[in-house]
Structure formats: C-alpha cells, structure tokens
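So the structure is just underneath, and the comments pick up after that.
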Amino acid sequence: MNMLEVKNLKVNYGQVVAVKKVDLHVAKGETVVLLGANGAGKSSTLLSIAGVSNKGEGEVDFLGSSITKLSPEKILSLGIATVPENRDIFPDLLVEENIVLGGYINRKNSKIIKQTRNEVYDLFPILFERKNQVAGTLSGGEQQMLAIGRALMSTPKMLLLDEPSLGLAPTIVEKIYEHIAQLKKNSDLTILLVEQHAMKALSIADRVYFLRLGEIVSSGNASELKNTTDFKKIYFGE
Amino acid sequence: MKDFTNENFINILFFFGLFLLIYALNIFMGTAIFERILTNLFIYIILVVGLQVFMGNSGILSFAHIGYMSIGAYCSGIFSIPVKMKSMALPDLYYFIQITTFDPVICIFIGGIFAAIVAAVLTLPLMRLNDAAAVITSFAVLMVIHSIVVGWSAVTNGPRTFFGVPKATTLELAMIFSFAAVIIAFLYKNSRFGLLLRATRDNEVAAESIGANTVYLRWFAVIVSAFLAGIAGGLWGHFITSFSPKSFYLRETFLVISMIIIGGSFTVTGAIAGALFVTIGYEFLRWIEKVIKFSDAIKFEFIGLTEIFLSITMIVFLVTKPKGLFPFLEIGEIIKKKFFNKE
Amino acid sequence: MILQFIVDVLSLGSMYALFALGLVLVYGILKLVNFAYGELILVIGYSIFLLKGSPFPWFFMSFIAIIMCIFTSIATDYVAFRPVREKSVTAVLITSFAFATLLQNAALLLISAKPKNVPMPSFLSDSVQFLGVITPVRNLISILVAVVCLFIFFQFMKRSLLGLAMRASATNFNMARMLGIPANLVITTAFALSGLLAGIAGTLWMSKISMVFPGIGLEPLLIAFIATVIGGMRSIQGAVLGGFILAFIDMSFNYLLPQDILKFRDAFTFSFVILILVIRPEGLIRGPATGART
C-alpha cells in the first residue's frame, strides 16, 4: 500500500483551474519530486493535499484512509507536515518560539519534544545559534531551515516541501539540499517535494513526476531521468 | 464621459415605470397612511441609493450616512422656517439666518450642498484608511455629527424638538427627487470616476498603476453620496415638519444598512430593491405590533420586535445571499439578457 | 494638580486599555471587527441588575456577570461570525452589528427602555486623599486591576503555548493550522478572553456610572474602536497604548476646554484622532509584519 495516493485531483480558484487532473502516489520512505514550470499547478497540488486549498474534485488517501475533506490541523495530526512556498515562518516570534510551535501536536509529551528539538538543532546548528533571535531577521536560507525544522517538530510520517529553493541564492540552495539529503539518511521520512529547480531536486529524488498546465505529463525513476536532457520538451511541451 | 448603452436606457426606463406604478398605486389606494408610507419609501430610496454610490463603488462600509442626512434636514429646515416662526422655534439663532427664508425646495438643495461640504471637509483625511479603520472612523463621524447637532442648540434646538418646518414634501416631489437620485447614481456608476473607483475596490495597487488616485476617487464618491443623503434629509424634514437628533442615530443607520445589504450594495437596483423590501417588511411588522397591542391578545409590549426581526433577517441574508438580492447585474442588464439575448 | 491629572488619566486609561485590548484580540486573529463588543457592557450591567436582591455578596454577582459576558462573547462568534466567516469582510461587520442591535432590543423588550440602577458597593465611591490628590477609591482600584490584568495577560501571551499559538494565529492563521494548531480552540479562546477583558472593564465602568440602559454599549464600543485605531489595529500593545492616549486626550480636553464648549468634547477628541490618522494611517504601533494583504 502506498503512503499517499492522489487520484483525479482538480483544484480551482473561482473560475481559474489550477490543477486539471493529477494522479500520483508516494510509497513509504520514498522521496518523490513534482517538477514543473511556474504556474504548472505544483503548489496548488501540494496545498490541496495539506488541506489548505479548495479541492474541486478528487481523492487524497493517506495510509489507506481518505483525507480529502479534512482540515489542515487534522491532516497534520495524521502525520503530514507541510513547508509552504514562502517559508511562512512567524516573523515576530523568536526562532525558538517558532520551533516550539512546530511541536504543538506533541505538546503533551515533553520527552519527544526535547528529543526532536535536539535533532532539529543538530541538523541545523545555525538555528541553535540564533534561537533567541526574532525570526524575521533571519536570512532567506536560515528561514528555510527554520521552516523545515519547525515541520519536523511534529514528528511527521511525511513531509511536503514546496519549492525549497525559491528566492534563494545557488550556494544556499546547495546547502538546503545537503540538509535534506542528510535528513533522508537519518530517518525514514517520506518526502514529496515540489520544485522548479530540476537538477538539484533530482539529486535527492527516487521518482519524478512532471507537471504541466495542471496535468501530469510524464513520470519515471530519477536515476533514468538523470540521464535524459530533454527537460525543455517536458517543461514546455512541443 | 456618459455612455448610454442599451442597458442603461432600460435601467432608467424600468425605474421610471416602477416609480409611476407606485404613484399610480397610491391613487388607487387613496389612504393618507398609504401616501405617507410611499413618500417615506421614495425618501429612503434616495438615502439608500446615495449610500450605494459610495459603498457599492468603493467597497467600504460607511456608517456616517445618516449623519449627512441630519445635516441636510437641519440645514434645510433652518432656512425654510418662516421668519416669524423662527424666533419662536430657535430664539438663539444667529441674526443673519434668522431673517432669511427661502423656498423649501431651494432649502432642500442648500441642505444637500451643505451636507456635501461637511463630508468633504471632514472625511478627506480618512480616505486613506482601509477596511476596518475606514469603517470604524465612519462610525465615529456619525457620532461626532450627532454630538454637534445635540450640542449646537442655537442652530438646532439641541436635543429638543426642532419644529416649524413647512410641510413642503409631497408624494410627487419625493418621487421626482427620487428619480433624479437614481439617474445620478447611474451616471456616477458609469462615469470614469465610478469605473476607476471600482477598480480600486478590486485591486488597489493595480488600479493606482493605471492612474487611479484612490483617495480622491473615494472622496468624490463620499461627496456625491453625502449630497444625496442631505437631499433625502431635507425632503424628510419637510415631510415630517418636526424632528430631533434622536431621529438620526443608530436605529436609522441600522435600517439603511439593512436595506443596502439585503438589496445588494454593488448595484443601484439592489439599493432600490432593498429599500422596497425593508420598507414593506418594516411597515408590515409595525402593523402587526399595533394589531397585537390593540387586540389585547398578548399582554406584552412588543417594542423592538421590528428591530429584532430585521436583525435576524439581515443575518440570514448575509449567510445565504451575502451579496444581496441583486449582486452583480442591474435590472437593465438582466432584462436585456432575458429578452433580447444579446451576448 | 499635575498628580491629580495623572491619576485621572491612569484610572480612565486603565478601563479604556482593557476595553481596547478585548477588541484587538479578536481583530488580530480573525481580522474581524466585532460590533457587538460594546454590548458586553450591556450584559454586565443587566446581569448585575438582575442579580440585585439576591443573597449573594457583590463579588459573587460580579463574577457571575463576567461569566455571562464571556458566554455572550463566545455566542457572538457562533451567531455572527462563524456562519459568514468565509463570505466577505463586510458581511461579518454587519452580522455583528445586527447581533448588537438584537441584544439591545432584547434588553429593551425583555427588561425596559428606562435606565436601571446597578448597585455597587458604596466603599468604591469613597474618596481617598494623598499627596494633594483627591480621588474615589474605584479609580485606584481600576489602576490596580488593570496593571494586574495586563501583566497576567502579556505573560500568558508570551509564555504559554496557547498564547504563543494565538500570536502565531494573528500573524498567519493558515500556517498556524498547518502546524496542527486547532483553529476553533484559538478562536474560542480569543472570544473568551475578549469577553473576560470586557467583563472586567465593564465592571469598572459600572462602578463609575452605577446604572444600565439599552444603549449603554455604544460609548464603550466607540472608545474601544478609537483606541485601537489610534494605537494600531494589529497590535495588542498598540491597543493598550491607544487606550491610555485616548484617556489622555479626553482628560486634557476636560481640563482645558471652557464649560460651554465641553459638550463638544467628543468632536474635539475625534478631530485629534483624525490628525493622528493623517500622520500615521496604520496607527501608532505597527503590528506583526505580514506578506499578505490584510
């Protein structure tokens, strides 16, 4: 059984159809990447799974049960954590406060909180250095790390990452992906990652889907695709 | 820039016909009570249509509207009370005003203009505000106008009754003014000002990039809106002949807001429909209150029942039809679509 | 003389600040203006009035009244906000306005249009004298109560997990939910706290005017409104500051204006407020930074 199954997903914002038809699945422990150009519908797909966006139609199943109509809080409690496109850290709160909030769902279990907190700070030492700093003063890359660390605090089974490279300098993007790779190594976290930045994403992916104008146009194993150079065709079509 | 396309012609024609129908209805019914209700209706139409000019195009809710109505009422009244009466009604009045009297219709215009001037002076700095702050300050404007009216006894007779206003408002006069107000509202809506203001309502930044100056556009809309409110106030004052600051406060504000909400603030048709709907409902409930009182059937004073009903109706409407009875299309457009099927 | 002025401003400001805080709490998280907020004073007043003559001590009556206040505040959420939250911002403004009218007219219908006396312990009106200042006991109690409440409140917001969750929700409600923070809990807590603050401030208000009538909620509502607009609608510190500033402005005009102009005091106050808004439309304290359009 797949961890996540998305069937016939359709997302509209009023009259605008952002996602026409998406079918995808993610197996336990996999890292699946959703690639596509701007406006392809990647974020909409992700936010829809997370319970934040309006779903027009379709089914989303997690660990065999339907999560299609659930609220974002409920979906998080079932084990899916989201790192949204703009990081969406709370800029007026301290770094430490952001992290603590991430662990809200585990608040009754101080042992787990302590443990995950340490893991997060181990993974991102810079956050530990800045833990009493106001989150809004962090650099873009640091904020991205904070957003990921915060998501990890809920000890999720699955992580949804929306364009982690967005707005970040190449060297920083490099670092972020190193961290993600590290994360993959240390845990059996299942990841669904959405990206425009094809190369970097492929380096950590197991499987890839290509999204164009709201539909999946192709998919395959990352290892095969790494050797294909015909991205232009897939991104932009004939 | 007027642009009379087909729809607008139908709009004007429709309301012309509707108003004539209402007028004819009065001749048919013939009772004084009915005439009173209809005159009130026409006056409220002017009031709500005036509110629509600002609220519908700017997207900002304004609680100050009744305040402008009061300015119109008092101002027009002060100038139209016959000189002899004035010394009795307003003994402390400033000499210049005490000796001048104009024809009531002129006074009504003076009232409207004065209301527009007050609105212009008072609200320019507030036009920069958005959303919640704009609404809250409009509420405060209502309070301030009220407190000035209550306090300026020399001119308004303070909290006491302001009387002596000649009864100049007939059903015909109210209807004519009402029709004029509807035309003004449509003219504004289709003008460049109305168009640009609506653009700022939908997306302020984008609109400004094409040259819309939000502050001045809103300001202009407030002025037109206040003018109409002032006219309505003047007409009403000359209908009821005596009033006090109490008549221009929260109860009336609630009434006029319920009209525009139920009818729909985006369209002039909505404003008129709302006025009709609420007036009919209101009069009906008042009649029930009276019947219950007189029949002694239930020994209970049903004061406030009308407001309670109205509140509940408003909430229900907002939940089920938040944009009102006529959310997008004017009646002219609806008729054109249905009967002429032009695409 | 100066000291008297300071005490007057502080005691008035204490009430105003608590009031404003209750309003901003709901606005900050939900971005909704609660027009029925002033009616919480109506609830306090009439609750104490209705409990008059009961064998309970005054403290207990106030306690019950405050509970009723909290209850009404939460009810406002269910009646006026939840059904229309998704619809439009204007809709929400109006439903709460309608609810306020409903409450006022319910009081009118079920009790009376005439003002009713609300008994308050007499010791509150006794005068106290120190350092050349003469002031009723209740003024000093207002200051004390406000200091304690504000301290507890800000500690709660800063240190407790729920307080943290509420601050996060005020910044970005969707994101907070994506972290598993239950939306309903946050909202209900906000309304409950709002009711509590209004209840406490309302009790202080009652001790000042000792009577209640259906239209009583208007003045407090306006005060809360203006204080938050001055202070900045998106900041809780701003609301508190705005309350004190408004009290300062009101008191100043009280002291400075000649007798016959005094009745226009509200007009003056408001003109001053317009001035503040011309210079700083967002209010004096800017709230949490947010990328989204408010």
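Chains here go by letter, A, B and C, matching the order in which they are written, and residues are numbered from 1 within each.
Basically, a contact is a pair of C-beta atoms (placed from the backbone, for glycine too) under 8 Å apart; a residue touches a chain by one contact, two chains touch by 3 or more.
All figures in this text were calculated on a predicted structure; none of them were measured in a lab.
With centres taken as mean C-alpha coordinates, the chain found closest to the middle of all protein C-alpha atoms is C.
Taking the mean of C-alpha positions as each chain's centre, the chain lying farthest from the centre of subunit B is A. Rounded to whole angstrom units, the spacing between the C-alpha centres of subunit A and subunit C is 42. Between the Cα centres of subunit B and subunit C there is a gap of 31 Å. For the pair subunit A and subunit B, the distance between C-alpha centroids works out to 53 Å. Contact with two or more other chains is made by no residue of subunit A.
Listed in rising order, the residues of subunit C touching subunit B in the complex are 27, 31, 33, 79-80, 83-84, 87-91, 93-95, 97-99, 101-102, 104-106, 108-109, 113, 215, 218, 222, 225-226, 228-229, 233, 263-264, 266-267, 270, 273-275, 277-278, 281, 283, 294.
Against subunit A, in their complex, subunit C makes its touches with residues 161, 164-165, 167-168, 171-172, 174-183, 288-291. If you check the complex, the residues on subunit A that touch subunit C are 50, 52, 71-73, 76-77, 81-82, 84, 86, 88, 90-93, 97, 100-102, 104-105, 107, 136, 150-151, 154. Residues 59, 61, 122, 125-126, 128-133, 135-137, 139-141, 143-144, 147-148, 150-151, 250, 254, 257-258, 261, 265, 301-305, 307-308, 310-312, 314-315, 318-319, 322-323 of subunit B are the ones that touch subunit C when the two sit in their complex.
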